[in-house]
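Next, two complexes with subunit A in common: one pairs it with subunit B, the other with subunit C.
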Partner chain A sequence: MKRFAAVITLFLVLLSLSGCGFKDIDKRFFVVGTGIDWSGNKSKPYRITLQLAIPSPKIEPGASKIQYETIDAPSIAEGVRMLKAYVDKELDFGHCKMMIIGEELAKRDINQSIDWMLRRRDIQSVATMAIGRPTAENVLHVQPASERYPGNALLLSFGADGTESSYNYAETLSGLSRRVTEKGMDPVLAIITNDGKESYVINQVALFDKSKIKMILSPTETQMFNQMSDHFTKASMHGMFKGTPMVIAINQLNSSFQIHKNNDPLLINMRIKMDVVFEEAPNGLFESPWGPVEDALSLEYEKATVTLLKKIQKHGIDPFGFGLRYRAMYPGPNSWDNWNQLYPNAKFSVDARVKIEGTGLIR
Partner chain B sequence: MNRYFFYNFMLVSLMNLMLFVPHILVSNRYSGAVASLLVAPVIGAILIYMFTNAMSRYPGLGFQDILKLHCPRWLVSLSSIFFAVMWWFSSTIVVVAYAVLINRFFNPDTNSTIILIVLVVAAAYAASRSTLTINFIIEITIIVNAPIILFILFKMVRSPQLNLDSIRVVANYVTKMPTIITISAATLIFTGYIYLALYNRLLPPNFRFKHLYIYPVLGFIILVITFFVPIGFHGTEGVDRYIYLWAVTSDSLSMQYGFIERVVFLFLIVFLNLTLVYTMSGWHLGMEYIKGCFKGSKPEIDSPKAPLSNYIILGTFATATVLYLIFTNEKLNYLITSYWLVLRMFTEIVSVLWIFILSRRRLRSE
Partner chain C sequence: MNERIRLLFAEAADLKTYTLRNKDMSIDIAYIAPLCDEKMVSDFITVPFTKEEVSYRKHLHTIPEYLKVEDSARWQDLLLRGNVMIRDNETGDIYSLFTGDVICNESPQTQVESAIQGPQIALSEDLNKSLNLIRTMYPVPELGIEEYSVGYISKTPLLVLFDQRHVDPSVLDNVRSKLSSISVDMVHAAGELEKLLIGKRRHLFPTVLITERPDRIARALGKGKVVVLIKGSMFALIMPASFFDFMHAIEDNYEAYWMTRVLIIIRYMSIVLTITLPALYIAIVSYNPELFRVQLAFSIAASRSAVPYPSYIEVFIMLFMIETLIEASIRLPRYIGSTATTVGGLILGQAAQQAGLVSSIMIIVTSVVAISNFVIPINSLSFSVRFLKYPLIVSSIFFGITGVAVGLFLYLCYLCNLRSFGKPYFRLHGKINPAEGDIGQVRTK
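Let's look at the complex of A and B:
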């Protein structure tokens, strides 16, 4: 009897939990994409765009339905709160895996936006971050015809499940916030553009100092940047050998770097190893010796990468984490100051090793 | 029976995440935390050795029972009440922190007081059971949850997001002298042996502790993971930004092909179990200490029926915990916890020395 009474009491306590604000799934709006733009208006600088999923019973290509809400607000949190007045259901960011920052805002300051995302508990730290060009709103309004459910297309382009593009640089919210604060490692974000039709183009990255865009890489540079930062996805590469153009596919790529302090100026040595197969090559390559071809390709690659490294260095940014490695290898109270003095004059050397595995199915 | 000692050790060393230990260590990462990671296993090993050595001379007796043999009654009662409050408070910190965590991560609309009431009712009911039952509950919980924790830890350590350079930058600060705060936070990992103060009653005569060397090693591994994995994930500077450091760190991982994609929910469920069991265990110890102060109390390890005094003492504990939540906030709780950790370390050292000296003296007189 006593035990029975105890159980009843426990259930009575549980009853008091019913009022804890639980809302059914059909009373919620799931946000699948968030865009934050610079509106140009000083008093309401942020333009917030939410991509809201409309649940549909069938999952088939082109069946995704989306509602958009946009508002200008003095701050992001206020904007989201105001948007609640525009919709009939509770906004839920729990499934928002795409956060897009407008290019104009990224050229000013991204720290406010990151701070808001980190503070909200329902935004996932694994959400993908990117830059939208010309605006985040514009990018979110693209609806690819093949999309199976709301917000899926962009997600697939960034994840490893769908396309594996060598131009694509995926960064998560927690990764970005690490790079924003870390001394000696600067943030990088991919740029999404709309090709004017119903699809996205993601083939450039923007390099930041701690708060805003410093430089934007061209698609070729972006691919090289991805390879150098060991964000490898299968890539192809152009090369010339004795005046004949050739295209090679990279099957495997490893890159690493060392910092040599004893040299004057500081020497940063990068080592890139790749295994390649030919996709387009002059006839008769199979019989001719591969050694000279490998050397020529390596040399060409080294030249291109050193140029890119120097270009990045000239802007005073460090997306590869050279500074962090320096702090790790040469500790001391002045380590960070030393690095800041040394980096602008540092020299680069790249050691590329191209290894040809085959010429494809034909000789 | 050695494994029950092991479970208690594991329970406390895993619970460090809820006791703000990573938070305290990380905010002192440039001022002594790394060195205290090395000092703590040594202190822990010495204390474990001394305590097990002393307790094994008194098979079937708890800490309090041993004091009663040697010390005047008023001293025993006074120290018992002090220990009981310490035990109550160690669990209170954890369960209050977890109630707030539920509010932050599961549903911000909930009232954390109501959540806490449900948690403490469950924990207090469990704590009112007999000592033997408590040990079985701990065993089951550890066996069920350990694989999940190992899975999460394995995923974290293997993750490409873990930046070894950041870890090395912080590890280079090993030459900084440790402070009292960092040492007391780091030694918490090795505190599990102190449960023996009560659970020694369960041990049969002629009991021998085996493989004592694994405890410092295991504790050191857990400590290193606790401290360095968040730094590897959030960087040397960014790591200081977060209040719920490990919850956020587990959120930085995703299980692409798991049932639930966000690891944080798996992590929170596991720690809900551990929190409840830790609270139960701590309150049970506190309860037994207070019961031992009364005249005519007989230590029982497996009473078929829980006496009324259990419910009264635990009811007081639970009420005090709810009041603690109402009168403090996150910031105050953090502050009190860091002072409590220091007090805990000294209490522990004093009580281990005390019992060690008592056991030696008996040896000489025989």
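Let's look at the complex of A and C:
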């Protein structure tokens, strides 16, 4: 009898806990994309756009259905709470893998947005971050005809499942927040540009100081930046050899860097090794020795990269994490101050080693 | 003697009592006709008695099958076990002769634990035939056999088998004392005896292995385990047993190495699935849908949108259906059995989903639960595992994934706490060979 009573009590205690979080999957509205923009209005600075998925049992190209909700709000959390009044189901950010920040907002401050994302428990730390141009709202409204289910297209562009573009820089929420807080490593985000109406282009990255955009790289620089930061995806490279243009595909690329403190000024040495195959080559290359070609390509590559590094240095930002390495190698109470003095005058040297694996043809 | 015997029994038409007389002696004989082989009665008693080639008294003295009965209190018992009572009316000596004729299945095929290779013959319901099989497969002089009987009314004969060299004396003593302390009226099945031996009525896992395979028994004897045969049941009990014994199909020893290893892994995966899947369905669908991939989340959300009830009602509907279907197909006569599965399969597969009662994913969940339950090689474990999912479902309704994890943890604690005749039931370390079903616990101190 006592046992029975104990079981009943336990059950009653359990019952009092119910209702906390129990919400069936069909009573949830999955947010598949979140856009945060600068609205231009001082009292309600944030414009929040939510891309809501309408689930359908059919998953086929072009069958995705999306509902959009947009609101201006004084803060992001408030905006999302207000948006709940506009929809019939509970908003769930569990599947929101795409977080887009408007370019205008990114030029002001991204810390508020990142803080909100990190604090909300249902937003995953692996969510992909990007910049939307001209606005995040604009980018989210693009619906490619081939999209199979809501929010898939953008996600595929960034993930490893879909396209592997060498212009694309995928950054996760956790990665971004690390770069925002870590001394000596600055945030980088890809820019999604809406060209016209039906699609978007991702071929640029924006480099940040700790809170806002400092410089935007051109597509060519973006590709080079991706290679140098070891963010490698299959890439191609153009070059000239004795006046004939050639295109090579990079199969394998490793890059690393070292900091030499003994030099004055500080020397940062970057080593980039790549295995390449020709995609377009001058005739008769197979029989001629490859050594001079390799050297010429390496030299050209070195020149271009040093220019890029100097350009980034001039803006006073450090997306490669040189400062972090310096702090790790030369620790001490004032190592960060030392670095801040040394970095603006640091010299760069790049050591590129192009290795031709083949001409792409079988003889 | 005959008058006394008639007094001892109720008015029974099948109790036969005669007085026979020849030239030099007269005897009383009494037996219960259906229990005895009438041919044996005539061959051993009536024919030699009337022919008188040799004095029948000499028969009684020389042939060892005639046992002298001193104690009249044993008469009833002997008669009920198929003995013929013979009284030499001159000397007053009373003898008994066993002429029992037990109806049993003749060398049956394995049905519950079938194997493609390996012996196809199962234990018999008759103890002698079973012993014959076991002795043939385990021809060792050290094989000890002890006789017991349990049940005040049924007086079911039991045989306790063990290999004297290997057996752990503490286990053997434990079995002996448990067997002699059993006080019930009737025992007819191995499972019934198992419960009596364990003592605890409400156990979640079987701690005694019930098998019908003589090869499994021979292996168990070789490992020093104690085997109990029960008359009238074609199943034997092996003790002590570990959890891993129950997950071990005898064919793992006979078939190709790599595939059997894979099968063992699959078996453990499926036991986890069959226990957790319904609970995980509730937890993920209602608490943490972000655990699915996006596509799956959307298609579940879409297929659930027609379902009017919360996820746990859906789970209960489907589980009720599948459990009743399994139960029905076991109990039904074979001729109707296929009808039940067809109707059940159709209803479960199609109609329930089209009617919007359950989502299509739930049907997959249900069938995975049912199928992976059947993968467990020993029936008693698969039966008890069928229950384990329900407490997990309840905890997942209230606590989601945390509830499932805590529930599983509690199960593991319970398993680790279990003992089978004093030996750890869930022992993982030590000299283990789970593939052989041996956890090396019997012979170690």
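Following the convention adopted for this analysis, the second predicted complex is superposed on the first by the 341 of 363 C-alpha atoms of A that agree within 3 Å, B and C clash if a C-alpha of one lies under 4 Å from a C-alpha of the other, contacts with A are read in each partner's own complex, and residues count from 1 in each chain.
Here is the rule we use: a residue touches a chain if its C-beta (ideal position, glycine included) is under 8 Å from a C-beta of that chain, and two chains touch if they have at least 3 such contacts.
The shown structure was predicted, so the numbers you read here are calculated from the model rather than taken from an experiment.
Contacts of A:180 after superposition on the shared chain: subunit B is touched, whereas subunit C is not.
Of the two partner chains placed around the shared chain by superposition, subunit B and subunit C are both touched by A:124. Within the superposed three-chain model, A:55 lies in touch with subunit C and out of touch with subunit B [touch as defined at top]. In the superposition on chain A, A:328 makes contact with subunit B only, not with subunit C. Contacts of A:284 after superposition on the shared chain: neither subunit B nor subunit C is touched.
In the superposition on chain A, A:149 makes contact with subunit C only, while subunit B stays out of contact range.
Overlaid on A, the two complexes show subunit B and subunit C touching the same residues of subunit A, namely 14, 17, 21-22, 124. By the touch criterion stated above, subunit C contacts subunit A in their complex at residues 285-290, 294-295, 297-305, 307, 310-311, 397-400. Every residue of subunit A that touches subunit C in the complex is listed here, in rising order: 14-15, 17-18, 21-26, 28, 30, 32, 53, 55-57, 59, 92, 94-95, 97, 122, 124, 148-152, 155.
For subunit B in complex with subunit A, the residues that touch the partner chain are 104-105, 107-111, 114, 117-118, 121-122, 125, 161, 163, 165-166, 168-169, 172-173, 233-238, 241, 248, 251-254, 256, 261-262. Interface residues of subunit A facing subunit B in the complex, by the touch rule stated above, are 6, 10, 13-14, 16-17, 20-22, 118, 121, 124-126, 159-161, 172, 174-175, 177-183, 185, 321, 324-325, 327-329, 331.
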